[in-house]
Structure formats: C-alpha cells, structure tokens
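So, here's a batch of structures to check.
Below, chain A partners chain B and then partners chain C, in two separate complexes.
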Partner chain A sequence: MSPREYKLIFTGSMGAGKTTAIAAISEIPPISTDVENTDKLSHAKATTTTAMDYGEVTLPEGHKLRLYGTPGQVRFDFMWKILGKNALGVVILIDNSRPDPLADLREYLAAFRSTVAASRAVIGIGRMDTHNLPSIDAFWSATTELGLTVPIISIDVRRRDHVLLLLDVLFHQIETANPIFEDSESGATT
Partner chain B sequence: MRQCRRTLTVVGLPVQKELLVRSLLTVVNTRTRDLWYFSDSIDSDVALCDPCSALTLVAQKHAQRTGFPQCVSVVREGVMALPETPVLSAPIYASNFIALLDALSSTLSARTTSVDAATSAPLRITFSEDKFRVGVALHDLVGRASRDVQRIDANGVIFHVIPAARALLLRQPLDEDALPHLFRARDVSITPLTEGQTQDLFGDGAKPQSIDWLLWRAGLDGPHDRLLPTLPPGATFALRRWPDFGRLKHQTFHLRMAALLTRAAHSIDQLSAAVAQPVDECRAFVNACALSDLVEVHQKDSAQEPSSKYFHQTVAPSTNRYAGIFRSIRHVLGFTQS
Partner chain C sequence: MNASVDTLGRTESAICQKQIDVLMLVHPEINGALVSTIDGFDVAAALRGNLSAAKLSAMTSALLALGGAVTSESGVGECRDIVIEASTGRVLLMDIPHTTRKLLLTVLCESAVTLGQVLWAARRCRQELSRRLDTK
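Here is the complex of A and B:
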C-alpha cells in the first residue's frame, strides 16, 4: 500500500498557542512563518504567524501525519479554508484572556463548520487558571446554539501531555462518530 | 468597626482600564469603609462591567444564578448602562470610585446579614446506609449556592467550602492519602462560619480553588458496586457535555465512555460492553459525572434505538476503520494507554 498522508489542523485566536502545540508533538522543528506582530492591540506577543506553521510525524509504513497551524488573525481567514480542506480533524484553541473568547470561538466554528459538524473537532480553552470566565458551560452553550456538539476541555498548551490529551479526545470523538470510515473523507492522500 | 474583606473584578473592560482599577484599589483602600481586593474570579462581590461586552451577559447570568457578583456598569459618554445596575462613569475618578464602593458595602452587608440569619444553624448529616456520604453532601451543599463559608468535617478531614462559588477554601492542598479516608466517612458535619471566622480563615492564607475535582473524585473513587442514590439502576444515561478532562483525573477508557455517552444514552451494561471495561468502572464514571452535574437520566423503556446503533457499531473499536491510523499515531506519540 502506498504511503498515505493525514492532515491535522490547529486553529484559533492569535496567541492561543497553535505554534506551541505543534512544536510539542512534531518530530521536526516546526516550520513557522512568524513575523513581527503589528497588531498589538489584539495581542501583545512579539511575533505572529502570517501564513502557517508546519510540523510532521512519521507513522509506520511511511505514512505521514502533517500538522498545520493556521494564522490567527481574521484577515487571513481565506487561508483557513484552504488548510482545512480534507483535514482528518481540527483542533480549535481559544485564549480565555482575550476580550471576547465566545466570539472568537464562533468565528472558528463557522470557518471550519463542515469539519466540526462531522464530529472531527475538539476545542481547547487556554488560560482558564487566570481567566475562569467564560466557563466551559458557556462555551458548550455557544456551540450547541450553533447546532454543534464538540468536546471542550481546558488546557495548557505548554504541557505536552495536555496537547496529547486534546488529540486523544479528538480521536475518540472521530472513532465514535464515524464508525464507517472512508479514506476519501479523511484527507488521506497517497 | 471591623472592616469586611470584599473582592472586585472587571468584566469586558480593556486591559488599560483593568490596570487603572487595580491601581486605584490600592490607593482608595485607605479611605473606603471595607477592604477591597482585586480578584480574577467571577465569584467576586462586585464586577465592574462594560455594558457593550458579551462577557457582561455571562456575568449577569452568573449573578442571576448565584447572587454574585453585583454588576456595575462602567459607562462612557453615549453608552447606555445595564438595567438596574449602579453606574460608574468613565473616566473613573477616585472620589466617585470610593463613593461607589462604600454604597456597595451597605448593600452587601444587608445581604450578608440576611444570609447569616437564614443559615446560622449547624448541620450534621449522618448517613447510615448511603455509601456516598461526602460526595452527596458536597453536591447538595453546592446546589444550595449559599455565599457563606461552610466548615466540613468528615472522618477528621477538615476543609472549607464556598457553595455559591463552587470553591474549596484550603490553606494547603488536600493530601491524596486523605481522600480514601474522606470518602469512607460515616458522617459529615457541615457548619457555617461566622463572618469573623471567615476573615480569620482568609487571614491565615486560605486560597479558593474549584471544588469540581473533589466532586469528581468522590464519584470516581467512591463505591463501585452501586450507582448514586439519585441514579435509577435500570435507567440509561447520557452526558450533556464532555467532562473537563484537562482538570479531572481520568484514564483513556473514560475518554471513550464520554465519547459514547455524549452521543447517545447507554445503560451501564451497554456501556461496559462498548468500552470493554468492567461494569464497576462504568458505574464509577457515571457516578463521577453525576456529581459533576453532567448526567441526563433516561428511563429504560424510553431507551432510544440510536443507543443500540452506537452500541452495536462501537462494540469492537479495533474494527473501526479509523482504528489503524489512530493506533499508529498514539503509538508513535507515546500516548498513555489504559
């Protein structure tokens, strides 16, 4: 069987930790397109991703898991759809210290709606230790109001075990919701 | 007169305003009736809110449910205040801020007094039959949403709870070794603290933390041979959302249980078969979810056929066509399996 490639997307608001999450699991140093952040009103970090982050994991039989991080700023949303096409799953990272995390979440749920509706998504809420609002219940209400059900957990993307937990939850969600798997749906390519 | 300790937070205000409020608090505290502290918690006594922020709606809902925080509209010219809230004009001047805090102290004192009067009687709960003493007692206590700090004494393990904030108040972390002892307690004494005792507790450095992990552990580490008294043995169970596994102790099979129960109701036996785990583990998981208010109970005769669909389709995960790729990824990344 020819080696196959699978694509996982990490998306979310600027500063939510997409680059950090990819770095936690990629076997190669992540390839980033970080530049100086000129949008310091939205987030105070020094650099931000303008095109995408990329990492990869080599699987048995030569298969590859490719990890893509989308740029966080809304003005790059055209990239989200390009990257999200045929993805195995999407990890949405939300920074709870931002002014309106629920609005951030709605934005990414809308952008990746087809993947989310196919139960191939998980949501990680960061910085809940210092910003406990909105609560997990509030995020859950925001997703169900859009007719979507997605696992939501609080995480610290600096911890590799938390990034693995996100993926494990995503995989269980996919396995349970999609018992009949068609490779053509998954983004697997040869 | 003894000063009360009050907490204040901000909701939806820009960072610059939050910094201003934090600075102002340190300045005005020498001139206010009570001592005010900044807190990041929504369970603060007072929240300064931006009426235009979506987060303010969340704070208001929380206040409707628990009685706190008292929302205050911070308004600049041309912005409408929230209905029935005190108003603080922006830019914020120290004199206005002091006047507002003193006015709020009066309101909060009136509320505290009425709550104290209603809950001053000590409560001792003794359970002769039920084995879920601590879990059930804490769950009921949190459900009553009182603002009073409650002292819990179970088998000599002593800690404090603020029910409305779903918070434990601990001087030091509860020892892991103490938990089995705690969960085996035959009786639980619950006593509301006076305001003076509460202030002493805070003065001793007690720090609030979420009680959710303790409720979860009470279910997970409690008796495995039965369901909670509130869960009918013959019923099927679903989850209204995933537990927050980022903060709760779990094993891998709990993730699979959550994936199944968020999609369809299962009986304990169905769940056991679907995840290939003993029924004891399934009961413990459902108990933990129930104490965390995540379980929906369905009567058996209304057990949905979709349940069966998921049951049959997921009996053997290894036959799932995703299984191969996910097994590879889990193996390569070094997931802990259980």
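Here is the complex of A and C:
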C-alpha cells in the first residue's frame, strides 16, 4: 500500500496546548497564527491562535499526517467548521486547570460530534499533575453520557512522546472501529 | 463580546467610533466599518442591518493572522491589507499601527465603487486612527 496523507485536527480549550502539541511533533517549522491575547480574564497567556496552526509528521509506515490546530475560543467556531472538513480524526485537548473542564469537553464533543461518533477521536487531559480533578473517570462519564466512547489520556503536550502516544491511540481507535478506513475516501486528503 | 471596557479605555473606543462614523459620512459608498482588537474582539462598529460585529471581528482577526502567515512564508514582508472581492461588494481588512495595542480595521463597500477609491479612504482612516490613538 502506497503512503497516503491524512488530515488530523487538534482542538480544545484556550491554553490547552494545541500549538505546543503540534510544535512538539512537527517535522517542519510549524505555521502559526498567534497574536497578542487581550482577553487576560479568560487566560493569562501572552498570545492566542486566531486562525490555525499547521505542522506535518510522517508515520513509520510512510503515511504523512497533516496536523491542523484550531483556535480554542468559541468566537472562532467558524474556523472549527472550516478546518474540520474532511478530517480523518480529531484530537481534543483539555486544560484541567480551567474553571470547568467538563463543560469545555462537552463543547468540543458537540462541535466535532460526527467525527467523534465515528470513533475517530481521542481526548488528552493536560495539567493533571497540578489539577487532578475532574478525574479521568469523570471525563469518561461525561463522554458516555453523550452516547460517545472516546479514549481519554492524561498527557503533557510539551513532550513529543506523549503527543505521539496520543496519535498512536487515535490510529488504533480508527483502525479498530473503521477497518476499511485505508481504502475509504472519507477523511483522506489524497 | 465587546472589548471596549476590558481591553481598551473608553476614550480609545470613542476615538475609534468617531473615526469610522466620519469615514462613512464622508464616503457614502462605504456601507460598513468596524474596529477590533488583534485577537478578534469588537471595539467600535458602524454596520448596517443585522451584521454581527462580534463575528466579523473574529473573522477579521483570523484572516489577517492567516495573511501574516502567508506573507511570512512567502518572504514578502508583513501583511498590511487584505481585499476580498465578492459578487456584490468588497471587504477590506487592515491593521492599525498603535504603539501599545495593535487594532484591526474592517471596511465594507459596494462593488460599484472603484477599489482605489475605497482603499485610499480606508488607509486614510487607518492613519488617522493610528495618529489619534498614539497622541491620546
């Protein structure tokens, strides 16, 4: 089977580490659209993504992943729709230090519901070392209550091995639930 | 969300509102104008109908950020303006240089107007906004 290219989306709450995660694994200098963050009430970070991040990584089998990061804030939800089109899978990153991480998760599960419902998603919970609640079990309950089954992992997006593990889990999930995805046109970008 | 209270003082917001009101008064061919923060919050708006200043602000921020990424990748310097040619009108997007906080200007007009005319008017408005905000 010849190598192919796939589009993956990194989404999630502001400050969850989408830009950092893509930078951690991209083989090319990532493309960023970060600008000054003027909304310090929502998050103290200096910059925020307003359009997209972009990076690339090649899997051992030769498949190339095109990695697209979305803005986190709901006011940029038009970018979620644009970037989410024809995506093979979605990585949802949650910052557990935010006021209501479970509500954050529900927001992104709803926004990417069709991809999530097709078992083409994985959830990464960040900053659990300093904020251990909600627990992984609580995130699992919040997900299953919506009729969805998604792998949930505690990760540090600054670590390349953690982000690659997340993608590994995502691909196992996709292969298990969609055994013919390699031959399907849905989600493939080439 | 309007950013005027949180991120800009009332004086700065009032300056922005006055300048875009003047722009539309002097140039009746311009049928909408908007000033927003660089991360997409509306600061001042003069829009007709039910156009959403909040949505247009977020989209302006995203497009100018993408424009910056494209010009950087292409090695052609900094992105200054983006012109969107639509079937019945044009949308001009540009940044407003400011010593402490960069803002964005969005201008809407009908397609019957020459591009040069509206571009000149919008750039004059940008210059005036920049000057007044810096000397406030």
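Criterion: the second predicted complex is superposed on the first by the 172 of 190 C-alpha atoms of A that agree within 3 Å, B and C clash if a C-alpha of one lies under 4 Å from a C-alpha of the other, contacts with A are read in each partner's own complex, and residues count from 1 in each chain.
The rule we apply is simple: contacts are C-beta pairs under 8 Å (C-beta built on N, C-alpha and C of every residue); 3 or more make two chains touch, one makes a residue touch a chain.
The structure presented is a predicted model; accordingly, all values stated were derived computationally and were not measured.
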Query: Will chain C clash with chain B on chain A after the two structures are superposed, or do they fit?
result: fit
- prompt: Once the two complexes are overlaid, how big is the angle at chain A between chain B and chain C (Cα centres, nearest 10°)?
  reply: 130
Task: Please work out whether A:177 is in contact with chain B alone, chain C alone, both, or neither, and reply first, second, both or neither.
output: first
Message: Is A:52 touching anything from chain B or chain C once the two structures are fitted on A? First, second, both or neither.
response: second
- prompt: Does the superposition put A:20 against chain B (first), chain C (second), both, or neither?
  reply: neither
- request: Examine A:70 and indicate which partner it touches, taking first as chain B and second as chain C; both and neither are also allowed.
  value: neither
Task: Using the touch definition from the top, say if A:32 reaches chain B (first), chain C (second), both or neither.
output: second
Message: On the A-aligned overlay, A:100 touches which partner chain: chain B = first, chain C = second, or both, or neither?
response: first
- request: Using the touch criterion from the header, give the chain among chain B and chain C with more contacted residues in chain A.
  value: B
Query: Can A:149 be said to touch chain B (first), chain C (second), both, or neither?
result: first
- prompt: In the superposed arrangement, does A:115 touch chain B (first), chain C (second), both or neither?
  reply: neither
Message: After superposing the two complexes on chain A, what is the shortest C-alpha distance between chain B and chain C, in Å?
response: 17
Message: Identify the residues of chain A that lie in both the chain B contact region and the chain C contact region.
response: none
Message: Show me the residue ranges of chain C that touch chain A in the complex, using the header's touch definition.
response: 1, 3, 6-7, 37-41, 54-55, 57-59, 61-63, 65-66, 68-69, 73, 101-102
Query: For chain A, which residues count as touching chain B in their complex?
result: 6, 25, 57-60, 63, 65, 88, 99-100, 102-103, 124-125, 130-138, 140, 149, 151-156, 162, 164-165, 167-169, 171-183, 186, 188
Residues of chain B that touch chain A when the two form their complex: 11-12, 14, 40-42, 53-55, 58-59, 62, 240-242, 244-247, 252, 255-256, 258-260, 262-263, 310, 313-314, 317, 320-323, 325-326, 328-335
Field: Complex contact set, residues of chain A against chain C
entry: 31-39, 41, 48-52, 71, 73, 75-76, 78-79
